[in-house]
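First up is the structure itself, then whatever we jot down about it.
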């Protein structure tokens, strides 16, 4: 049995990096298994990228649930900050499914009155605002800010860290934010450095989602199959 | 140049029926072209069905936009009441894209203080409530109600009309609704009979979306390509 | 049968200008008839102007409905961006009644994630914010901004266009607006120039309301007479 | 100097009754002057009645403000539970203007967690809900309920009190309301009897508005003339 | 019988100052009695200070209610702008209990479309925002601003008035506020000077709460003992 | 180092029961230490009970933080479903502080679209609704329901389980709830039986808060000391 961490985009280097970070988590007591969505866009920036990635993400989950591999899955983590395909994924399984965006937002609201989110491009801002609305955490968010650095340059651009840090400092000061959420799985490796530089909690959704998944498994809590997340009826796909 | 009406599910009989109804619209002065999404589920009930259908819907729009057919499209109508894939579709084109759900909801708010929506299954209710939230029309909706008749039985079940009518009467009375929206494309053929039976406006999103598309084309209004609906960046699909 | 476009203020030159613009609309297939409200303020800036204009507007509609002229009216458009007297007007008729403010706001939400409104004076801003609240579109509006040019100087002041354009550019940039609504009927003539200058959709409520009225007539959709918009009881006016 | 209590409808008997009740208020230390709006509807039920009444109400206030009588007015109370013309009235004067609806709603929120409103006809419910939204008190209101007794039958119908009492009991029990607001000036005379019968606070907006007006005068607090309630510009009424 | 004005902090000099100001109120016709909460923090800045002060405040009210002194109390005013312990206090008595924060916020919404609040430290801002949310007045508030002057320096710092005035001017201009609320009982003595300096209504919650308490007593309105504010059950304190 | 689970009421039997349940949690890898608040009410029902309990709760936390015992605390759990004193507690420490109410509400929103809360008395309902508002989860809650069984009868009344189960069944059916939260620490022992009986996730906040505390400790996430939860200034307690 393992927590299946699925990177909904097709970047295997990003998946490897996430794995490396999660393996170092304190108190880890469940197995982790990492998946990449071949066929998906290389990164998820906007609604259309997200819709394409959802197709491959659901295929991945369906494979775990329908085959013998099913016995290996105890929970799923969706490792894109947009929480790509989260609701649809919950229909396919009774195991807990956690998005890294929602995990970080909920955790931040336990540690601060208002948090800021620093994401990559402006086009992701409305998607995150809509998620905040749906999760109910809009009033706890002091602002969603774009660093204007595309996902795939977070690693390649040597100035990326400094630019994001500067943008975060300005955003936090103007909005009275009390904690910072890293709004992209690609920023995960910065969490400790940035916490030191900012002097306040900095949250990485990937790590948090993994730990929350452990908690829900330990608590034997499952996705409700009454109502919204009932299994889909199979009406034939022509 | 034509308005492309896309049925995001794979039921060709439903597409034919929608076509028949739309062709009888008064004052129609743009060409209409109807499409079905082969590969999609036979009907869209829930998040997962919607996510699968979105994949095929986007493929359809991409085909119109990228090929020579592009010159034929003046607007797109998404003919599922869940407004399946609406935001993603808007990223792929500068032409207007209208969902039949949003069209009906906006129109109903021009004709009544509060409207009711009568849909098929309970599992669709949260999806429509979330759309209402996103469009801003939650306070204008007196309630979203499920008739508990699956999409594909709307045609086959001879009692379907009477059951939906009875459910609508009860819902309208208890919620003080002043107009009724038919919450599924498969109910389109009932619009005039039900208006007579209920004595209040009954709205069918398909017809309304087609007429609103005509309006936007006549007004030369296009989808904004600044911000949320910018064209997606092509980062390679591995 | 004609769509009756009523300018609720007493400026006949503004009415003439609106008529000129609407007559050039593509695909127009219903007759239009334009009315000015003699007795009303020369322009509508604030609650009290609006309340006075409503009195004369309702008189106008009552005249159409109660006399033989009634047969000529198929819908009403209220051509003030404040949607002056809109709810009261809907009580007097079963025909569709559309405000130009609401028409533009609903249309903008079909074309962009968030739109800006550029109006005349600061005192109109709370009125439009309240309308947005009532229509439910507050979250879709990136901001209501005042150009500080009074209605009647929009025509007379040769710098008016440039001032409004500059104010719009600043507002859009700061608020991440993706479309611009012209927040006064007196700005209608600028719609095409400003669209070109801004490179995004610019919406004029008058044209949109006329086209939406055509749609509702074609769809045979009427104002609900159940509930809020029932005809008023005549209890004698002492 | 007197508080001017304006009944916006044309029923002089209702005005007389309100006067009689207000004259018995404890601790009254400002003069009261009562006005009826000849020309207005005999009662205000719906948007259109309200719009007509506003015209005559504003004329009344303008007369006080513009003539020598002005020296007599220290505050205005608008004695219709719909708060007819409230915002427009505030533009015409720097003296406090209080609606009886808002007075009762604010007071009830000081005495209970959630209050119910019992009004006359269903058509008034959306108007009061909109006012609650505008005042911000929607979440403090457990429900707005209609007794289905028209304003002018409150006096003439001998069973009116019992019917309203029964309706109130049911409404309070189902909605967990902790106080009751009488949602029509015509119910004012029932306040003490109903408080006894219900065993919880029952609020009459007329009396409360008069006492709040006294408070604001004593505190030398005036209507802000900066922003929304600036005096209207006179642009000529053609 | 007297209105009991309780300063929930332990500063007797602040209590004396509040008494001096309230005694000069126009039209005062009920006795006033002032209390200080020995044991409380010297000023209330933040949640923890508020929680400690609530303990002593409730003891004070319990003393009035349980002993012969009870006959002296006709209403209670809680003289801290955070409305410290307000809900708990309402459980202990059937007499009206008014917080100075809520009194000022409700009054400001009767005089302006949107008001600003100028408080002391940034740490109080979220507390006041939460109160606004609870009272429902968030949309009527143009902003809560911190002057960054601690409560106890308001008297001792000779530049305090000028610093608060400057901060208020900036805040009002940027937020289009139409009235100013003094967000700390310690600013009460500035109300008239600041009204003159700003040219708009400036509101001091202490005075307003006292006058509103007079109104509620005159109206014989009591705290509802049905539901939320029922007397606490005594289950023994081990 | 231990997670300090504080029962804010004075019932040692309830504390013992909580301890017994938490010790059986799967995957527990941090020490737990349980505290009871002598001096507090025997159970917390209403605002006033909560205010009294907060006083003793804060004393407890202050003792851990200020003495040598401090080294033992790695996080705090507040084991009352009202989340008594939560915000104040966060000011006193940089360690995570989790309320059992918020823990359950956040977890339920990861497992269901809408959840119900079943609490004890009606008087607790508004307190929980206010918490939901503050946490942002109001829209995710299908309803807060009272079983009308006081806290201290949950153990002593042999029919308590059946009565709560019946009330839960009715509430879930009418509100379309998809998961049930046990709205009182005293119901903790029922969690597994009720999950079996209801066939959907049933959540007990105590267990969840303990597991989430483990997660936050493992993630090295602390309460933000920037802004709202800064340490209180000590201004002397007279």
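Letters A, B, C, D, E and F name the chains as they come in the text, with residue numbers starting at 1 for each one.
Keep this in mind: contacts are C-beta pairs under 8 Å (C-beta built on N, C-alpha and C of every residue); 3 or more make two chains touch, one makes a residue touch a chain.
Which chain is which protein? Per UniProt: A, B, C, D, E, F = Hydantoin racemase.
Because the structure is a prediction, the values reported are computed rather than measured.
Peer 1: Which chains contact both chain C (Hydantoin racemase) and chain E (Hydantoin racemase)?
Peer 2: A, D
Peer 1: Given the touch definition stated above, what is the smallest step count connecting chain C (Hydantoin racemase) to chain F (Hydantoin racemase)?
Peer 2: 2
Peer 1: Compared with chain E (Hydantoin racemase), which chain's mean CA position is the farthest off?
Peer 2: That would be chain B.
Peer 1: Please tell me whether the contact surfaces of chain C (Hydantoin racemase) and chain D (Hydantoin racemase) are same or different in residue numbering, using the over-half criterion.
Peer 2: Same: when the shared numbers are divided by all numbers used, the fraction is over half.
Peer 1: Between chain D (Hydantoin racemase) and chain F (Hydantoin racemase), what is the gap in Å from one C-alpha centre to the other?
Peer 2: 44
Peer 1: Please work out the Cα centroid separation of chain A (Hydantoin racemase) and chain B (Hydantoin racemase), and write it as a whole number of Å.
Peer 2: Averaging C-alpha atoms per chain gives centres 30 Å apart.
Peer 1: Taking each chain's centre as the mean of its CA atoms, how far is chain D (Hydantoin racemase) from chain E (Hydantoin racemase) in angstrom?
Peer 2: Whole-Å distance between the two chain centres: 27.
Peer 1: Can you tell me which residues of chain B (Hydantoin racemase) touch two or more of the remaining chains?
Peer 2: Touching at least two other chains: 113-114, 122, 126, 133, 139, 176, 227-228.
Peer 1: Between which chains does touch occur?
Peer 2: Here the touching pairs of chains are A-B, A-C, A-E, A-F, B-C, B-D, B-F, C-D, C-E, D-E, D-F, E-F.
Peer 1: Hey, which residues of chain E (Hydantoin racemase) end up touching chain A (Hydantoin racemase) in the complex?
Peer 2: 122, 125-126, 133
Peer 1: Under the stated contact criterion, what part of chain A (Hydantoin racemase) meets chain E (Hydantoin racemase) in this complex?
Peer 2: The touching residues are 113-114, 139, 176.
Peer 1: Hey, which residues of chain E (Hydantoin racemase) end up touching chain F (Hydantoin racemase) in the complex?
Peer 2: Against chain F (Hydantoin racemase), chain E (Hydantoin racemase) makes touches at 10-11, 38-43, 45-52, 54-55, 58, 85, 87-92, 122-123, 126, 130, 133-134, 150, 152, 227-228, 230, 232-233, 235-238.
Peer 1: Inside the complex, what are the residues of chain D (Hydantoin racemase) that reach chain E (Hydantoin racemase)?
Peer 2: Chain D (Hydantoin racemase) residues touching chain E (Hydantoin racemase): 25-30, 96, 98, 102, 106-107, 109-114, 135-140, 176-179, 199-201, 203, 207-208, 211-212, 214-229.
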